[in-house]
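Take a look at the structures listed below.
Next come two complexes built around chain A: one with chain B, the other with chain C.
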Partner chain A sequence: MTPNKLGYLLLLPLFAWLGVVIAFPVFYGVYLSFFDVPYGIIKKFVFLENYVSIFSDLKFRIAFINSLIWTAGNIALQTAIGLGAALLLNKSFKGRDVGRVGILIPFIIPAFVTALVWRWMMEPDLGVFNAVLKQLHLIQKPIVPLVDYAMVTVIIENTWRFSPFAIIFILSALQTVPSDVVDAAKVDGAGHLQIFRHVTLPIISPFLSFMGLLAFFWNFNLFDLIWLTTGGGPGSMTETLPVLIYRRSFREFRMGEGAAISVFSFIFMAIVTTILYFLPKIRFRGGKK
Partner chain B sequence: MKSYTDIFLLAILLLFMLFPVYWIFVSSLKTTDEIYGGNPSLIPANPTIMHYVKLFNPGEYFGGGTGPVILNSIKNSIIVAAGTMLISLILSTITGYALSRLITSGKELLARTLLIVYMFPSTILIVPIFQVMSLFKLIDNHFALIMVYVTFSSPFISWLFKTFFDAVPKELEESAMIDGADRLRTFIHVFLPVVGPGLLTGAVFSFITAWGEYTFTTILINTEAKKTVGPALDRLIGGIYIDWGGLLAGTVLIILPVIVFFIPLAKRFLQGFMMGAIKG
Partner chain C sequence: MPSGRNLKYSRREAISKIGAAAVGAAAGAVIAGVGGYFAGLSQTAPTTFTETVTRTVTQPVTHTVTASPTTTVPPLTREEKFKIERPVELTFWHHHAPPPRQAAIQKAINLFMKEYPMVKVNIVVVPWEEAWPKTLSAIAAGTTPDVEWSIPDLTIAAWEAGGIIPVDDLVKEIDERYKWFENTIRPYYWEGHYWGVPWSTMAWALMYRPSILKRYLGTPEPPRSWDELFEFAKKLTKPEDGVYGIGLTASKTLYAQEAIYNTMCVFDSTIFDQQGKVVFNNPKTIKAFYAYKELFQYSPPGSYNWNWGDIELAFPAGKIAMMPYFTMPQRLFYEEKKGDERKDIAAADWPSPPDGIDTNLHYPNDWIIFKSAAEDENRLNAVKALIMFCARPEIEKILTAEQDPGVWLPPHEAAAEYPGYWEDPVISFFREINEVAIEAAKKGRLYGFEWGAVNTAVGAVSGALVICDVAQRILLQGESVESAVAWGHQVIEEIVAKAKKK
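Right after this comes the complex of A and B.
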């Protein structure tokens, strides 16, 4: 057997596994989106009716816009914190190793615990957040972050949980920057900012773009943290597409519509991914030839 | 002088990252009066373990007797997380090795196909996965959870392992083969030692993924005795009334084992992760 064939054979177990748990459910979901499925019972074939009804649904449009804000806000914040913290933790100074371990802690805290503790901290009367603001005389009467600034609060909460991943990812990327190149740039009189822009950034940018892709997938599809923190509320303020899918399917039991929103959401992600990640590579290769 | 700026920045970063966790611990040790009194203090005025005692007192009106349920759910979560870890490691090792060393045609496409898994919202998968599991008679079975969690952790770990294997010099592999070792022995004696530290990273990643998952476990597990840590706390949230003391104490019971398990491994977890990036 050639190595190539052996390789395909070794891929079989995982791909078969993913086939059962992912591929089949996905096709089944697409199938469901063409049916009227009240309470999980396939009633009748309605072809595109579910799609027509979601597109004319204001809630759907709000959720889509919320999803865009949510994803953009999260990726921006996570990249900023990830980059800043990784550059800091890449230096050698006292306390760095403790810091490297410390920043990992949110990563091991389950989503439902995160939701709980943020709700606890943001409690208007009992929470520490308002107490601190009052102590600093920044506010007169308590604010309710999860009502007044719900989206921002949940974005910060999710960033808290996802940042460790962003930090260690970028920190790993920074290990690939050869120190002799940095030293040579220093000898040539380059400042910190110049070194970062012309030496560090070009080397780590493939990692950043890969991380960006994962962050896009994970943030866009994030469900549990939002659901457990705000349930999508108040009103529809934090209702992103995954939350809406869940509400339609398991609270209102309109599973056909839920499936249609899922299909839309997947197609949207596929288009964005293609534009951002696949097209530039093709063009790049074309240019090389 | 410069190093002080770094330490200061690190302190701010750590404050942001660690304060919520500190706050769970501290709040769980406050008396009910202090919890509901407003003006929370950074250190409990009269530290107490009353909320922990209450969880283990079956006679208590609300939330009483939840302690044993939580401990049992921790046991269940350990079983599920360990199973997920084991299967993920095996699948990801062979997948990473095949993608890195064996497959020559369509390698990049296959590696990317793996990541498409993360493109599907988990909410679309709930209904069909429930039906697949019913078909296999796996509802209320921990293996159903393991099947789902392996799906979510393996693609990423496979990608990570692929980069580890990429870092093994070709000469090392070739010289072992010339010495007469077959592919399996080369794999065991040349590749496994190199990815050893990385295995730990993959193990921790999959364990954590499985440990605190909430959505699928609420759907696939019904029996109280089989519940994992996520739903175990639900009974402490009764409608509009939240018993914060009991809830926070229960939360501590749940996160303490992972923190104790993780801290000693954290440094090597990070090293493994950074090793994976060397050859990107």
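Right after this comes the complex of A and C.
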């Protein structure tokens, strides 16, 4: 057996596994989206009826817009906080190692606990959030963040949870910045801001791009934290597509429609990825000109 | 996304490719979330078939029952055994994760296995949140347990999915022996059959803290009329002391749905009429939501988002003086409070408006038998033996009083009158509460099931939490009651229309 054939043979179990856990569910989901599937029973072929149904559904449109706001808000905050904290933790100071480990705590706390803690923190008359604002004389009467600013609040909650990942990711990227390049820039008289803009940022940009992509998938698909904190409410204010998929499939038992929304999410993410894939090339070529 | 103008092309391309692969995986996971659940067999529509149960009457067992002067217990002079000819292992799903509950259920099952040594029962705890997806996916994939504890909404969903068999014979047998509370068995009847066998019920009453009432009103007596309820709630709201008159919620949860319906039902407001037509938008519902809105202002500011656990913390903590709720938490007061505080919990009949009806929410819980169990007569007999065994008053006492006193209430008269039930330490300590609870259980009703399952889309309507959406529009988003109720009516009609079309 040639080394090539042996290599393919050894890869077979992996491909079989990927086929079972990724390809089959994807294709089966697409297949189901063309059927009427009440209560999990495939009843009849309805072709595009499920798609027509979801596109004419106001709840779907609201959920899609919510998903965009949710994803954009999270990526922006997580990247900004991740970058800031990573730059800080990249400096040499006493207690830095403790800080680097401690920063991971929110990331390792289960979503259920995070949701519970944040709900209590946001409690109008018992929660620490209102207590601090009252102590600072910034408010007269309690505010109710999970009603008045529901989407913003859950974005902040999720950012708190996922920022450690961004911080560690960017920190590892910062450590790939060669110190001699930085030193050379200093010798040439560059200030901190100039070094960051013209040396550090270009070097870590690929990492930021990749992290942005990951953050896009994770946030766009995130279900648990929203479900546990607000259940998609008040009204539909925090109902994103994953929440709607779950509700439509397992609360209203219209699984064909749930599958159609899933397929829509899949296509939407594929389009965004394609744009991200081609956009840098265009810019690169433009730069060359 | 950073533009990265200074990057090498190949590097960026590599990153993009990795990204594309990751998108595929992530999107796959989303679809897998739905597709994976029912990646299995397509099922045919539910079929109806009758079961003939073969029983062998064995040696009579004499039950010694010391009847109290106020109770009568049907004599249990014979013990029937279902014909189980060879060893069989059953799988039983329930949804009660707390250890004391699991211990009580295990105790009952152990007693069953002792009496039926050829039957082994494997218990699987499936949390409530996963009950619907797991049950439906198990039906679709043909991997159901033999028997499961359910509630009317889930029973309907399992029936719609074609997974369960009728249980008319068991319902009739238990009724003859123990006499069901009529409203407890009513939600399980549709299409000419019973589809669930109640093992307990739950009922809402007005729970209150006498010490708080005494502190602010000078008397520990609860409100007895609708007007008094509002008056008390208002007078007991003392934000400066951290005390509020009543605990209600506007969250998007099953708890909220029950709390809201508990107010709707006393106005005789229903989702469907007797013919199953949607009648949600009517003057009674509008009155009910006005009442809920008014009462809600005496609930703690954070209660808009409460779920079960939150109110169960707020009540013992003395943050709320009254709460319409299940007749609990008795065990907590009994085991964890000291001195006079142990008795600082009481229950009263949930008041009703002058033009309303005397009722409250109740929620029966039932056994459902899956078709897979009916494929083999020996297995089916073992399942039926288990259900009949657990319907005995002395076993019901374990499943209700011992599992969580006051939460689970007897579903039939024999269990409610069984002296052993009233001799349970917690039940007897809070006897007055439990007397209120039993009466509430007898007169309670459940949304969508007031006349039985007259519209089998009720499961989808309930699952969509439309009532909660209506409440949130009114209480949190400032919409008028009339407009929100009209919106809710339209949404319910859409859900029903889609369910009927299927």
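The working rule: the second predicted complex is superposed on the first by the 262 of 289 C-alpha atoms of A that agree within 3 Å, B and C clash if a C-alpha of one lies under 4 Å from a C-alpha of the other, contacts with A are read in each partner's own complex, and residues count from 1 in each chain.
Heads up, the rule we're going with is that a residue touches a chain if its C-beta (ideal position, glycine included) is under 8 Å from a C-beta of that chain, and two chains touch if they have at least 3 such contacts.
Just so you know, these numbers come straight off a predicted model, no measurement behind them.
*Asks:* Just chain B (first), just chain C (second), both, or neither: which does A:R254 touch?
*Replies:* In the superposition, A:R254 touches chain C alone.
*Asks:* With both complexes overlaid on chain A, does A:P206 touch chain B (first), chain C (second), both or neither?
*Replies:* A:P206 contacts both chain B and chain C.
*Asks:* Is A:G232 in contact with chain B, with chain C, with both, or with neither (first, second, both, neither)?
*Replies:* Second partner only.
*Asks:* Based on the superposed arrangement, let me know which partner A:G127 touches: chain B (first), chain C (second), both, or neither?
*Replies:* In the superposition, A:G127 touches chain B and chain C alike.
*Asks:* Pick one for A:P38: touches chain B only (first), chain C only (second), both, or neither.
*Replies:* Only chain C; A:P38 stays clear of chain B.
*Asks:* So, A:S172: does it touch chain B (first), chain C (second), both, or neither?
*Replies:* After superposing on A, A:S172 lies in contact with chain B but is clear of chain C.
*Asks:* Mind sorting out which residues of chain A both chain B and chain C touch, each in its own complex?
*Replies:* 21-22, 24-26, 28-29, 32, 40, 125-127, 206, 213-214, 217-218, 220-221, 223, 242, 245-246, 249-250, 255, 258-259, 262-263, 265-266, 269-270, 273
*Asks:* Spell out the residues on chain C that touch chain A in their complex, using ranges where they run on.
*Replies:* Result: residues 1-7, 9, 11-13, 15-20, 22-39, 42-45, 132-133, 136-137, 139-140, 157, 160-162, 239, 242, 250-253, 300-302, 304-305, 310, 459-460, 463-465, 468-469, 472-473, 476-477, 495, 498-499, 502 of chain C touch chain A.
*Asks:* Flag every residue of chain A that touches chain B in the complex, lowest number first.
*Replies:* Those residues of chain A that touch chain B are 3-4, 6-8, 10-11, 13-14, 17-18, 20-22, 24-26, 28-29, 32, 40, 85, 88-89, 91, 93-97, 99-114, 116-118, 120-121, 125-128, 131, 160, 163-164, 168-169, 171-173, 175-176, 206-207, 213-214, 217-218, 220-221, 223-224, 227-228, 241-243, 245-246, 249-250, 255, 258-259, 262-263, 265-266, 269-270, 273.
*Asks:* In the complex, go through chain A and note every residue touching chain C.
*Replies:* Going by the criterion above, the answer is residues 21-26, 28-30, 32, 36-43, 53, 119, 122-127, 142, 144, 146-147, 201-202, 205-206, 208-210, 212-214, 217-218, 220-221, 223, 230-236, 242, 245-247, 249-255, 258-259, 262-263, 265-266, 269-270, 272-274, 276-277, 280-281, 283-284, 287.
*Asks:* How about chain B: which of its residues touch chain A in the complex?
*Replies:* 3, 6-7, 9-10, 13-14, 16-18, 20-21, 23-24, 27, 35-36, 38-40, 91-92, 94-95, 97-99, 101-105, 110, 114-115, 117-129, 131-132, 147-148, 150-151, 154-156, 158, 183, 208, 211-215, 229-230, 233, 244, 247-248, 251, 254-255, 258-259, 262-263, 266-267, 269-270, 273-274, 276-278, 280
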